[in-house]
Amino acid sequence: MNYGAEVEVTIARVRAEVSRLHAELTRYELVIWTGGNISARVPGADLFIIKPSGVSYDDLAPENMILCDFDGVVIEATPGSNRSPSSDTAAHAYVYRHMPEVGGVVHTHSTYATAWAARGEAIPCVITAMADEFGGEIPVGPFAIIGDDSIGVAIVETLTGHRSRAVLMQNHGVFTIGADAKDAVKAAVMAEDVARTVHISRQLGTPLPIAPEAIDALFDRYQNVYGQSALPTSRR
Amino acid sequence: MNYGAEVEVTIARVRAEVSRLHAELTRYELVIWTGGNISARVPGADLFIIKPSGVSYDDLAPENMILCDFDGVVIEATPGSNRSPSSDTAAHAYVYRHMPEVGGVVHTHSTYATAWAARGEAIPCVITAMADEFGGEIPVGPFAIIGDDSIGVAIVETLTGHRSRAVLMQNHGVFTIGADAKDAVKAAVMAEDVARTVHISRQLGTPLPIAPEAIDALFDRYQNVYGQSALPTSRR
Amino acid sequence: MNYGAEVEVTIARVRAEVSRLHAELTRYELVIWTGGNISARVPGADLFIIKPSGVSYDDLAPENMILCDFDGVVIEATPGSNRSPSSDTAAHAYVYRHMPEVGGVVHTHSTYATAWAARGEAIPCVITAMADEFGGEIPVGPFAIIGDDSIGVAIVETLTGHRSRAVLMQNHGVFTIGADAKDAVKAAVMAEDVARTVHISRQLGTPLPIAPEAIDALFDRYQNVYGQSALPTSRR
Amino acid sequence: MNYGAEVEVTIARVRAEVSRLHAELTRYELVIWTGGNISARVPGADLFIIKPSGVSYDDLAPENMILCDFDGVVIEATPGSNRSPSSDTAAHAYVYRHMPEVGGVVHTHSTYATAWAARGEAIPCVITAMADEFGGEIPVGPFAIIGDDSIGVAIVETLTGHRSRAVLMQNHGVFTIGADAKDAVKAAVMAEDVARTVHISRQLGTPLPIAPEAIDALFDRYQNVYGQSALPTSRR
């Protein structure tokens, strides 16, 4: 299939970006083995690029990223290969279909975020970096079976109207969204960092709450003065 | 001893694979100093390749891997060297003798898995990645003295008829099996990851259980739809 | 603006040092993504060099460090770029204005220090390395809004007359000061190390106190016999 | 001073070994900044080589290691430099004077070992790797002031007649001894590993004890069958 020269150039750029961003997941030890995945919307088309299933992080390259449509159907894999896309492709596709402002989606089983998720417990906003980045708690979505639309539905329902770009899926792991893939990766890195810091703080007592108006002020300043995200404020 | 050209080629390939896979143990920080070991069955012969005893991970190479028979007797070490095989060789040999479907065995003292083992406590299945990979809890085997068949017997007794490819040996560490050595290494990596995540989740409360039928569905999907292991379903 | 040849040479040297020292923050995993920042006073001028805002640690270089005056106003950024300085610039500037003996300031959200900060709890001095380096507990400053003088005021009020070169800002993170930037970086590295060790010790019981006179003796020996800091003893 | 050609060759070899072994302390994250130190006896002379004080691990090299006599007096530092030896030199010297079977000494403030030390609590022997390596618990020495013979005396008193090659100095850190420097480094690596594993195991319950006769059997097997140490059995 050919989408015209302009879209083809965009696809090539997004392939390279999605491939390259996976190195941030290993750098911050958010993933092991072949787990975790990043996708990015192809601007100007109802398409996205996602990691292949079961390929080592050492072997990821622009040319083995998979091009899918918004039903999660593979449009283009590496010529001559039979790589299938990430087993979470249906969830990514559902998010792109229902959240037009989202340009990137990330999924990991990062340790501390998953530990909160296993208890079905939201992460309370008790550090300023969390107020900056997430504008409040990181919420929990329901237990959902892997492989159909259930996870996508849960992500969209939980994050719509919520400031947080991260959602803990109960007993499972964390999904993050962003204006683009890099923004979603940043949210995944920050989500694990705050999950860890708040966990450790709670081990020896109760973290002090931050007043809601201070959370609002921190979030507003960070998103509007220092933020560089293209997600509209109402979304974030 | 000469096993014929075909087996000799296979032996050379397995030497290289076993040597190379040890880098995954250090990458994921499952081992320190000279601890831990990987072995692999030589397909088509009653032989396996195992790590030498007391050699630094920096110095492992295909040519210093040790070839043993299924009694754990050294058949071939590096010419001119007097390297002895891993002190866990008897346990590996026992597994190959009694579990013909197993092609690889891994042993580590990885931190979190060993912490559960020191309490003699199985790791409960409260995260979906664990249901995918192990199909339920990771069981505990008995306290067993090192150096004779005791550990091998315990591994075979605990894992026979169990979905888990990992067993915690009480007060000791973890052994994993797989269709091949890479599959066993993956099980060792995943076992430590779930041991850590479930430990951390339990530090601040009680993880929510996953319903047994959901565990079954996750395991079945992962093994049959996405799994690439050659271990028959009844085994895994 | 031109400060004369001698100051220009000094500025170039400080740019290089501040850029280079940021690698210690990633080496010791005190920062993630673009978080954290280091600044250094330009000896002989009312100026300091600070990290730019929102630039990846991979891309930091002497030429993109920002030159500011003591009101936090940018004097010189990379020609042709519109980089703004760290969002914590006002806090750094306030410290340089009010603490003439301070030559370097560091800010991080390092995990364990921030965990203590989230509870608003000072770190007790129960290990000799902490007595050596900080001469007693690491104190906590108040909750302060980011972006104006509040944090600078809190740092100066908390650390004036205190032996510690580190202060935990409630619900936020840690700021450290030093005779020069390297000394402040060392304090940031040591603060996280003692925050972690004391946290872990407290998880399983109560660390034994060190007698105040032993703390004094350790601090005195370390600062006077082995210390190489230019901060006057009364300050440290 | 000249010790004759043979001793000079030995000194050069030991300088290189001590320098090189420090990389194991950073590899296993037992030290930060310039902390920690390794020394080695010069066989055939009442001399030892030790790390200089306050030098970055990046800059350690055979030529900046310091040669001392058994009173801790510097015999030879780098020509033209005024480097002083580690501030723990007196403790190392005392050990060499009083324990002729010891060929290497290591000191670190590794996190988990120091956490036990801060509570003044011995690490119980509840994992087989600890029985292998230490033959029982890792004991605690008293609180001792840094800089004179106090620490050396405490090390010798605590470890004489004890199987363990590691001692936790209360509120301070860990010292290890060995037949040579590499053996002492191994003990430092293993001590932190068991300190961490036993700590984590205890966080969620009580580790199961290992029967004393099983500890004896494990220790005996490891030291005599697999051990390659030159320390006489009575010592280890």
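Each chain gets a letter, A, B, C and D, in the order it is written, and its residues are counted from 1.
The rule is short, and it goes like this: contacts are C-beta pairs under 8 Å (C-beta built on N, C-alpha and C of every residue); 3 or more make two chains touch, one makes a residue touch a chain.
The shown structure was predicted, so the numbers you read here are calculated from the model rather than taken from an experiment.
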item: Labels of chains that are neighbours to subunit A and to subunit B; value: none
item: Subunit D and subunit C - chains in contact with each; value: none
item: Same-residue or different-residue interface between subunit A and subunit C, half as cut-off; value: different
item: Reference subunit D; chain at largest CA-centroid distance; value: A
item: Whole-Å gap separating subunit B and subunit C, where each centre is the average of the chain's CA atoms; value: 46
item: Separation of mean Cα positions, subunit D and subunit B [Å, integer]; value: 32
item: Of all residues in subunit C, the ones touching two or more other chains; value: 203
item: Complete list of chain pairs which touch one another; value: A-B, A-C, B-D, C-D
item: List of subunit D residues in touch with subunit C within their complex; value: 32-33, 35, 53-54, 87, 109, 111-112, 114-121, 143, 145-147, 170-173, 199, 202-203
item: Subunit A-facing residues of subunit B, complex; value: 28, 126-129, 132, 186, 189-190, 193, 196-198, 200-201, 203-208, 210, 214, 217-218, 221, 225-226, 228
